[in-house]
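These notes open a run of structures that come right after.
Two complexes follow with chain A in common, the first pairing it with chain B and the second with chain C.
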Partner chain A sequence: MDRAERNAIFLAVGLLAFFFGLIVYAARGLKIDLPTCITDVQPFKTGQLIQHAPDRYELHVVARMWFFDMNKGQTYVELPRGSVVDIYLTSADVVHGFHINDTNVNLMAIPGTVNYARVKFDNPGEYHIVCHEFCGIGHQDMAAKILVK
Partner chain B sequence: MRVFAFFLLLLSLFSFPFSKTAGTGIPPNESKTIGNKLPNIEFVSSEGKVIKLSELSGKPIILNPVYTHCESACPLMTKELKKVIPLVGKPGRDFYILSLTFDPKDTVEDLKRFAMSYGIGTNGWFIVKAKDKSQLFKLLDAIDFRFATLPDREFVHPNILVFISGNLEIMKYLYGVNYDPLDMRIALSIAKGEESFLAKVKPYLFFIGFLGLLATSVFLIFILSGKSRLTNTLIGRM
Partner chain C sequence: MSAGIRFILISEIVIPILLLIFGVYHGVLQVLYRAGIINASSVLGIDYYQGLTLHGVINVIVFTTIFIVAFGNGIVLYLLKKPLRGWSQWTSWVLMIGGTLMSAWAMFTGKANVLYTFYPPLIAHWTFYFGLVLLVVGSLVPFFFDWIPNYIAWKRENPDKKMPLAVFGIFVNHILWLIMVVPVAVELIFQLIPLSLGIVTDINPLLARTLFWFFGHPVVYFWLLPAYVMLYTMLPKLISPKGKLYSDTAARLAFILFLMFSLPVGLHHQFTDPGISNSWKLIHAFFTFLVALPSMVTAFTVAASMEYSAKQEGGKGVFYWWTKLPYIRLEGDKWLFSYLFAGLVLFFIGGITGIVNASYNVNLTVHNTAYVPGHFHTTVGGLSVLAFLGMSLYMLSKLKGTEVKFKGLATLAPYIWTQGMFMFSYAMMVGGALEGFPRRTNTGLSYLNPDSPLYRPEWVGYAQLSVVGGFLLALAFVFFLISFFGTLFSSRQRNIELEYPIAEPLHDSPAPVLNNLKAWTVASVILAVLSYIPALYDTTQRGIFYNSPAYNDKSPVPIKPIKSSGLKKEEVKN
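After this line comes the complex of A and B, so read on.
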């Protein structure tokens, strides 16, 4: 075997092991949750914000051309500081993106399925949400907001 | 034909785990919860009594999250428990059972109705709700139980039994609505702290296998490269 070829194989195996190590570290060390796609429920039709406890919320978001239905047609919601929010996301038409700025929530809204992520808002402020999946002619105006007080 | 049959088999293998988890929402992440201690929260039982979790310590606890007006999985789980429990022991003497409602809106009246309709709620089988909402979510977070709200106060939720040790540590999960008496006995023995050797080494098996894979690939590269002294000696002797 050629020396260069051997080096390439070593490098490939080494990188694979390195990235695998990173995945294990992210899951165990940093306790990062991966978004979970729920494919076996009937997706909801309207957005709503449900409060279960003083600091526990469930946010159902319907992405559609070209706005996010966060709470009965509104494109923004208000939450108290320190809230833990279970975000469920679906799409009414085509594939949309859902990225909450300053958090690691980065989901895809896929028609027919529900995507899930949990986030805790520790700091007050405005959290902007953008659609980062090209979805048609009004894509650039598709945004929403979470106000944390 | 044989190839076709093989692919059909392969396809059925792939579809198996998905068909098994139909309609059960987000499963708990066991790797984050097993071994953790439960928060010492207060419950209100169907009889209206306040029970502190620490009052139940000393015996294993089988925790079954349900909601009282459920019409699909929770009745199935409760009926199945009622059938299987007599085969594995006596609640109150060998272990306790907690049917915990996770619906934050459930009242003691709902618990009473639930207990009455299944003829349970006595002798070491408690139908409980958390005393307040923040305590409820403390407990649900501890067992990593997540649910999604549907219209008409229905919920999507995983169907689980959580086995808790006498000193209130999370030991084992069982999934689904049907419970094998043997699985229940094994889970209870784990909750009692009688862990088998296989269960102890299980977390390390994957890493041993992974190390083996790495070592094998490095070794093969050495052999294939054909230039090292090791290759000459190995191949020469073979």
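After this line comes the complex of A and C, so read on.
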């Protein structure tokens, strides 16, 4: 290998190492992390919004063909501005997706297992949720909303 | 070359292109559906999601696999100079074509609306899965019964020579293929086919996804490496008769890095999945960054080879040699340059956007949005498909013993394709990453329908731009088809000789360590297995509470209720 080639490889390794370092810092330092294996919550069959404190909520979402059960069959929930929400997500039938626009909440709903993300809603507004995994003929109509006031 | 082998090679090129016509047709329909220009769930009896399944399966499973076998056959035949065996080739042909027809039947009759990732518990007719198994088995037959024995015989006659680089690349690619199909075969044979036939009533969908992506990411390198073989060995020779590959050793190093690091990366498709610890996801993200390295090495080697070769044609200076590249040239086989070059330009974007997908937490902003298809249409829909189309036409003209017909159209096609893909991918990637425009959705019926309560006006512009891109892509493909069928139906002008423009290396070294394919294969398998043990443990033991029955895409009621309780742990409360 000649010098130019060796330099190119070192540069490539250096660049990749730098980027990967930033990712690890964001994940473990800034706590912008991915969903992980949840073992202490049993799958649930109905959606539920539970308030624990004025600004602390727990949201159980059941994705099913072809709607999101956000709270006892409703496809939307209202939350006060500044709430911190622990979202638990499961599926009642096939694989679904769950993406809250303008947030980092992007989860897969897989039957038999529970997904989890924590989100804080600082800004008021309508947060659109779409199912982004193909789940059958009604997939394109599977949407929900979180209203933050 | 015997008439039988010639027929097999020609049909292995023509049949995938015929199927690709439908694949591209539905690609065009999709951008129209998504933009709401077609405001319906189906056109001409083909439903949106059925067409999407066909688009995915035909374009990236059937077309690629059969072409790669034909290309490997051609390279092995030309470089090792040993005849291919009729019985092995016919077995492979019957399995691949038969398997394709089985799957095609299931898809065209609407019995397999599961998309090309076929995530259970959505389930297709068993013929869909069985056809795919046959296609894969058929694609492995020539590797074991033609390529390996021919190489052993060649090595006996040439004990001092290294395996030719193109053969080396083809072998690495098929070794990778052989390893990666094992997990998906386990998924198909032990989970999906029994569930589809009703032999079992429930399966573990998270395990199925994990097995699928154990196959589903390395498969993109299976599509990519044949294109890399062309970039390394043929691109320099197309630029200049005196063109050379900059470094043979660097090329082999890149192939070995792919063999090692293509496999322990699949979890980066499951970053947002439940049931798998994120530490394992981070490890797979790390290996994904490692597997970017051989592509960066390739970027350097290919650029250096292009510079060296262009300078043989009188190119000078740091930048002026760029003007000596044969961008649009019709003499001889130089037209093929435009396919490889246009593919290279698209792949530059594909590589960078792929790093975004692989970047662990950054993936949260793009996962399953239109960004993802935007990305992979510049990789498999960019370099791979352009290299495969160009090489299909090249091999067809050699096998027919004729010049390429309508060469001007054939030469322009890849540039129009690239322009179309720029527009399509820009629209998809920006709409997906910034506005959350979802993939795999017939948005024209809901989100892009002004009469619907779900209307999302911020997505309209992106969807419309993707339509313009889609039309340019279709135009490019029509140009290609005119040339392809013109060549297919023209009469013979010269001797039939399947040859390739193979460049010699400028820098070379014996590199015995890199050439020890057996040892690298063993190392690759060990690394892949080790990287997947924790994830498989999570998906079967810690992360999953119960199994699922099968569903079809039409109804929220299971096809067959679970007889025995599928619950693995205590009964679910509420």
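The rule is simple: the second predicted complex is superposed on the first by the 124 of 149 C-alpha atoms of A that agree within 3 Å, B and C clash if a C-alpha of one lies under 4 Å from a C-alpha of the other, contacts with A are read in each partner's own complex, and residues count from 1 in each chain.
In this section, contacts are C-beta pairs under 8 Å (C-beta built on N, C-alpha and C of every residue); 3 or more make two chains touch, one makes a residue touch a chain.
This one's a predicted model, so the numbers in the text were calculated from it and none came from an experiment.
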Winner by number of chain A residues touched, once chain B and chain C are compared: C
Which superposed partner A:38 touches (first chain B, second chain C, both, neither): both
Which of chain B and chain C A:58 touches, first, second, both or neither: first
Touched partner set for A:50, first chain B, second chain C, both or neither: first
First, second, both or neither for A:110, with chain B first and chain C second: second
Which of chain B and chain C A:9 touches, first, second, both or neither: both
Which of chain B and chain C A:147 touches, first, second, both or neither: neither
First (chain B), second (chain C), both or neither touched by A:99: second
Chain B and chain C contact sites that coincide on chain A, given as residue numbers: 1, 9, 13, 20, 27, 33, 36, 38, 44, 114, 116
Residue numbers on chain B that touch chain A, as the complex places them: 21-26, 29, 31-32, 104, 133-134, 136-137, 146, 148-151, 156, 210, 214, 217-218, 221, 224-227
Chain A residues within the chain C interface of the complex: 1-2, 4-5, 8-9, 12-13, 16, 19-20, 23-24, 26-27, 32-39, 42-46, 64-66, 89, 93-95, 97, 99, 101-102, 104-108, 110-116, 128, 130-137, 139-141, 143
Interfacial residue positions of chain A with respect to chain B in the complex: 1, 6, 9-10, 13, 17, 20, 27-28, 31, 33, 36, 38, 40-41, 44, 50, 52-56, 58, 60, 84, 86, 88, 114, 116, 118
Interfacial residue positions of chain C with respect to chain A in the complex: 41, 47, 49, 52, 113, 115, 119, 121-122, 204-206, 209, 246-247, 249-250, 270-279, 281-282, 285-286, 289-290, 292-293, 296-297, 300-301, 304, 355, 359-365, 367-369, 435-436, 438-443, 445-447, 454, 456, 507, 538, 542-548, 551-556, 558, 569-570, 572-574
